[in-house]
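The chains carry the letters A, B, C and D, assigned in the order they are written, with residues numbered from 1 in each.
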Amino acid sequence: MEGFAGRAFRWTATGAGALILAVLAAVAVFLIIRAWPAMSARSGELSEKINWFPEGQSLLQFIGPLVWGTLLAAAIALIISMPLSVGIALFISHYAPRRLANTLGYVIDLLAAIPSVVYGLWGGLWLIPKLQPAWAWLADNFGWFPPFAGPASDPPRVILSVSLVLAVMILPIITAVCREVFLQAPVLHEEAALALGATRWEMVRMAVLPFGRPGIISAAMLGLGRALGETMAVLMILSPGALYSLALLKVGQQQTIAANIALQFPEADPLGVSTLIATGLALFVITLVVNMAARAIVARRKDFSGAN
Amino acid sequence: MKLSLHRRVGAVALTGALAISLAACGSDNATGDAATAGTDTAAASDLSGDLNAAGSSAQESAMEAWRAGFQATNPSVNVNYDPVGSGGGRTQFLEGGVQFAGSDAALSDEEIETSKETCVGGQAINLPTYISPIAVVFNLEGVKELNLSPAVIAGIFDQKITNWNAAEIAADNPGVTLPDLAISPVNRSDDSGTTKNFTDYLASTAPDAWPYKADGVFPVAGGQSAQGTSGVIQTVQGGNGTITYADSSKVGELGTAKIKVGDAWVGHSPEGAAIAVDASPRVEGRIPTDIAIKIDRNTTEADAYPLVLTTYEIACTVYADANDAALVKAFLSYVVSDEGQTASASAAGSAPISAELAAEVQAAIDTIKAAA
Amino acid sequence: MAKRIDVKDLNIYYSDFLAVADVSVDIEPNSVTAFIGPSGCGKSTFLRTLNRMHEVIPGARVEGKVAMDGVDLYGEGVDPVAVRRSIGMVFQRPNPFPTMSIAENVLAGVRLNNRRISKGDAQDLVESSLRGSNLWNEVKDRLTRPGSSLSGGQQQRLCIARAIAVRPQVLLMDEPCSALDPISTLAIEDLISELKDNYTIVIVTHNMQQAARVSDRTAFFNIAGSGLPGRLIEVDATSTMFSSPREKATEDYISGRFG
Amino acid sequence: MTTLTPTPAGPPDLTPDSTADTRALLAGMDTRRRVTDKVMTGLVVASFVIALIPLISVSWTVLSNGLDRFNLNFLSVSMRGVFGGMDAGGIYHAIMGTLEITALAALISVPIGLLAAIYLVEYGRGALAHTVTFFVDVMTGIPSVVAGLFAYALFAVVFGPGVRFGVVGAVALSVLMIPVVVRSCEEMLRLVPNELREAALALGVPKWLTVVKVVLRTAIAGIGTGIMLAVARVIGETAPLLITVGVIDSINFNVFDGRMMTLPVYVYRQYSQGLVPCNDPAAICIPTINYDRAWAAALTLILIVMLLNLAARLLTRVFAPKTAR
C-alpha cells in the first residue's frame, strides 16, 4: 500500500533518473543537429566558406588527423602514467609503513583535485623551458626510432611535452583508484601467497594485481577519458598541426579535438561552429567507445574476479 | 549527537559569516584611484550600463587603456572587451552579440550587406582607431637587429630558408655574425588580422617567394604556432632561433628586423606606420562615413613602414537601443580623442592616427544614432 | 621429509603488547599436534610464528627460539620466504586464488621457484597433489575451471593440495574446518590422518572432538584475562590430555566447565 | 630422515653436520627470485619518487610563485581599470563568479543526482535502471568542452548567439557534475545495510519515509562528502566556462545577466596575455605581472579546492557512525 506521498516520491526519483537520460539524449541530439550542416555540406563547401578549413578536404579528412592527435596524446600520456601510477599505488598500499601510507594517500587525493588549468600553467611556464635538453638528447640518441626522429623543436611545444603534462595530470587520478582497489585486495589471498613462500613482489603478482585488474582497467579508462577530453593543457602548450604524424619531438604535427575546438570556436562562423561540433561529436563517440570497451573487459573477467 | 549538532550549526554560521564578509570586502576599485570608485561626481557623466565588445587580440593592450580611461570618467559604465580575435569579433557583432567589434581588417562588402539586418535601418561602418606596425621579431642570441628583405622573410616563413647563416640573410647583413642555427618560424595558430596583414604584405611585395594569397589563417604547416599575439611572443621567447611577426606593442626586449622599402632599410616605428597609412588610398565604393583604408604595401615613401596593421572599431550607424548608441558614441569619441590616442600609444606602443583622420572619424561617430 | 620443531621460551608481541608469553613446546615429526583453548588465547598467533607469518602484520615480533631440526627459524641467514616454503599453511577460510584455475592454484607455489616446469611434470604434480588431498576424483574433469567454483570443503582441500604441492616439511592448519559443513569436515579429518605419514602437522582447532579424533598430541592454551598474555598451560599425548590432564584449567576446559 | 624421539623433553642433540641441510633449506631462495623481488621493490619505490617530482614541483611552483601577489588586496579587488604592467588588480570578481556559478551548478545537479541515485538504489529495477546506470557511466566521459558547447547552443536558441552569462556556465558544469553526484551518492546509499531498511519497513514506516528518515540520514555524511568532491571536481573546469560565461574585469554578482569572470578562466586569461612589454618608462610597470597574477589565482583556486576536500574529510569524521567498522 503506497500512499500519495510515497507515489509522489517514487515518481520524482524515477523522473530524476529519466531526466539524466533526457539530458544525455539532449546532448547527443544537439551535437548531431548542430553538426548536421557541416556533415551534410557538399564537397568543397566547407573549405570555401570556413577560413581555417583546409583546402579541398572533406569533413572526414579534416577530423581524421584530429582524432589521431587526440588518441596519440592520450595514449602516450597513459603509457607514461600507467606503470608509475600502479607503482605508487602499490607503494602506498603494500610497501610504505602504514602511517606514511595514510598521509600519502591523502596527498594523492588532494593532487587529484588540482584543476587542469593549473597543470597547464605549470606545464607552459615551468616545465616547457626545462624539457628542451631532454628532448634534444632523445632525438640525438634515439633518432633512429621514428617517433623520436629529430631535430627536436625549440621551444619544445611538441606532443611529447603535452603528453607528459597530461600524464602528470592523470597520475593522481589513476593512482587514487588503483590504491583504493589494492587496499581492498583480500588479506586471505595475500596470506595464502605468502604462506606458499612468495616474496613480497610475488605476493603482489599472485594476489593483489589479479584481484585489482578490473580496477586497474577502469582507472586507466578514467585517466584515458580525462586525457582525451583535456583542453586547456593542450591549448596552452602545443604548436598544432594536422598530420597523421608519429613524430613526437617536432612541432606543427598533431592537434587534439578538444584544443582545436577551444582554439577555433571564438573565430568560427555558424558553419565553422557546426564543423567544430562535428569534431566534438567524434570526441564524444571516442570516449563512448573507450568507456564501453572498458566495461566489456571488466565484465569478461567477472568469472575469475574476487567478487564472490 | 548534541556535539555534532553544535558543530553543524557552527559550520553553517561560519560559512555564512565568511560569505557575508567576502561579499562586503570586495571592490571594483582595483587601482586605488578615487575616480574609479565614483566619488568624483564633478567629472562623472550620467552614462550608465554595459558596453560589450569583442574582437582583435592585437587591440587588447590599447583597449585596456581606453577602458580604464573611459571608466574613470564614467564610473557607471562597464566596458567589456573580449579579445577573441578579429574574425570572432566581427561574427559576434554581425550576430548582434556585441555593440561594437574591434577588428584588424575592415568589413568586406558582403559583411556590410549582412550588417544591415543587425543595424536596424543603418549599416556597419569601419572606424580606424589606431595603426600599429607589425614587427618581424626574432630571438637570436647576440643579434638585436637584422635587415630582412620581403623575399627573405617570405623564404623564412615558407620554410625554404632554414638556417640563420643562410646566404640570403648574410647578403643583406654584412658585419653581422650569424650563428649556425636552425630557424624556427612561429605563426599564429588562430585566424587573425595580424596574419592577414602579414601575408598580404608578403604576397604584395614578394609574390615570387610567397606563393600564397593574403589570408587570416597562416598557409604554411609544420612550424611552431601559438594562439594570440602574446602566445607567439611567448613562444619566441621560449626558444633560440625563433622568429615571428607580431604587433610591435608586444615586442619587448626581443630583436626586430628592418624591412626593405624601396631601396632603404626601415625599422618598425609608429611614425613610419603613420606615413604608410597616410599614403594609402581608401577602399572604394563605400559610404563616406565608412573609413576603410587599403594599405599600399609597395609604397616607396621615405621612412614609411608598410608592414602595418590598421585596426578598426566596427559600429552600427543606427542602434535599436538609445543607450547603446549613446555609449558607443561616447566611448568611440573618447578613443579617437587626443587623450585616448595618447593612452593607447603609451600602453600599447601604437601609432596615433593623424589629426585629419581623427577629425574624419569623429565626424563619422557623430552620425551614429538610435532608431526612431 | 617431515621435520621436528622445538620452541623455547617464546614471547610474541604486537608492537609493545605481549600477546603470548613464554611458550616452550616440542612438535614431533610425522605426528599431528593439536592446539586447543578458548578464543583469544593466542593459539593462532602462536601457530603463525611457526612459519614466520606472524611478522607480516606491521609491528609484530617475537623473542625466543623456534628451531626446525635444530636450526633457529629466526636466526641469522634464515630467509622468512624459505621458512614459509618449508612450513606450509592452511587457513581458517578456504582461499584459492580466484583468478586462477584449479590446476593453476595447485601449481601456484611451485611456479614461484620453478618457472619452467614442463607440461608433463606439471600435470603429474597437479594429479599427485590433488590425489594427496583426496580431491582428484572430484575435479579431474574441470581442472581449468576457476578455483572459486568449488564448494567450501573442496576449496579447502584444494588449498591443502596447493600447500603440499611445494613439498613442505611441516603443515600448519589454522582451524581448517571451522568454515565447513560436517561432511566436508570429515573429509578433511580423514585427509589429515593420511597426511601425517609424510608431514609434521600442527592444527589449531576449536573443536575438542576433532582434536581427540585427529591428533597424537594436544597442547592447551589459556588466557587469564583480557589484556594479559596467553600462555601454554600443558601439552601431552592426546589420550592423556583428554583422560587425565595434569592441570585443573585443562580439565575444566575439556569437560566443558570452562566459564 | 629423522627418527621419532620418544622423550618429549627438550630437543635432541643435533650436531652441526646434521643441521646442515636444514640450514641450507632455510637459507633462502634462488638468486633470480631474490633479485626480482629487490628490483621490483626498487621500481615501486622509484616510481613513487619519480612521480613525486612533478607533483611536488606543481605544488611548489604554484606556492612560491603565487605567494608574491597573494594578499588581502589581491583577494578583495577586481581588475577594473587595470592595464599594462600596473602593480594592481585582483581576483575578487573571479572568486565571486566561481563561487556563484559552482553553487548554482550544485543547486541544479545535487537534487537531480541524489534523486536519481535514490531511484537506482531503492526503486530501480529492469531496463530503465540498467539504462540509467549505463548512461551515467557514459556521461562521466563527456569531455568538458563538449558540455560547454551544449550549454551554449541550448541558450543560444532562446537568447540568440553571443549569449554569455553565469547560468549558461552553471548548466554546462551541471552536465559534468550530475554523473559524479549520482555515482558517489549511489555508492553511499548502497553502503546502508539492508537490515536498517527492513527494520524500518517492519515497523510499518512507509517506504518513502524509510528512505528519507533512515537511509538518507544514515548516509548523509557520505553524501555530503561526495557532493563536496564533485564540487571540487568541477570548480576547476576552464574550457566550458570560457565558451559560455566569457570574461569581464569588473564585479558582476548577477548570474542571469552579463559575463562573469571565474578563477580558472582568469588563470588562463592572465597566462595568455603574457609578458608586458613596458614601453613607457614613466609608468610603473612589472613585466611579469600577468604571470604573477595567474600564479596567485591558481594558488587561490587550489586553496579553495583543498578547503573543500578538507571539509569533506572533516564531515566524514564528524558524522561517521562511531561503531561502524
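Here, a contact is a pair of C-beta atoms (placed from the backbone, for glycine too) under 8 Å apart; a residue touches a chain by one contact, two chains touch by 3 or more.
Going by UniProt, the chains are A = Phosphate transport system permease protein; C = Phosphate ABC transporter ATP-binding protein; D = Phosphate transport system permease protein PstA.
This structure is a prediction, so every number in the text was calculated from the model and none was measured.
A.B. asks: Starting from the defined contact criterion, work out which chains touch chain A and chain C both, please.
C.D. replies: Intersection of chain A and chain C contact lists gives D.
A.B. asks: Across all chain pairs, which one has the most C-beta contacts?
C.D. replies: A-D
A.B. asks: Measuring from the mean C-alpha position of chain C to the mean C-alpha position of chain D, what distance in angstrom results?
C.D. replies: Inter-chain centre distance comes to 47 Å.
A.B. asks: Chain A to chain B: how many Å between their CA centres?
C.D. replies: 36
A.B. asks: Chain A to chain D: how many Å between their CA centres?
C.D. replies: Distance between chain centres, rounded to whole Å: 16 Å.
A.B. asks: Mind checking the centre-to-centre distance between chain B and chain C? Centres are C-alpha means, answer in whole Å.
C.D. replies: 82
A.B. asks: Of all residues in chain D, which are in touch with two or more distinct other chains?
C.D. replies: Residues 29, 33, 161, 272.
A.B. asks: Which positions in chain A are in touch with at least two other chains?
C.D. replies: 124, 197, 199, 202
A.B. asks: Two-or-more-chain contact residues of chain C, please, as numbers and ranges.
C.D. replies: 81-82, 85-86, 112-113 - these are the residues of chain C that touch more than one other chain.
A.B. asks: Which two-chain combinations touch?
C.D. replies: A-B, A-C, A-D, B-D, C-D
A.B. asks: In the complex, go through chain C and note every residue touching chain D.
C.D. replies: Of all residues in chain C, those touching chain D are 1-4, 6, 26, 28-31, 67-71, 73, 77-79, 81-83, 85-86, 112-113, 169, 235-236.
A.B. asks: Note which residues of chain B are touching chain A in the complex, please.
C.D. replies: Within the complex, chain B contacts chain A at residues 82, 84-85, 87-88, 91, 182, 184, 186, 189-191, 215-217, 221-227, 234-235, 238-242.
A.B. asks: Within their complex, state which residues of chain A touch chain B.
C.D. replies: 51-52, 124, 128-129, 132, 151, 153-155, 157, 235, 239-243, 250-253, 263-264, 266-269
A.B. asks: Show me the residue ranges of chain A that touch chain D in the complex, using the header's touch definition.
C.D. replies: It comes out as residues 2-3, 5-6, 9-10, 12-21, 23-24, 26-27, 30-31, 34, 83-88, 90-92, 95, 106, 109-111, 113-122, 124-127, 168, 171-172, 175, 197, 199-202, 204, 225, 228-229, 231-232, 236, 257-258, 261-262, 265, 270, 276-277, 280, 283-284, 287-288, 290-292, 295.
A.B. asks: Provide the residue numbers of chain B that touch chain D in the complex, in ascending order.
C.D. replies: 4, 7, 22-23, 25-33, 36, 50, 52, 60-61, 64-65, 67-68, 71-72, 78, 80, 82, 92, 95-98, 227-231, 233-234, 237, 249-252, 346-349
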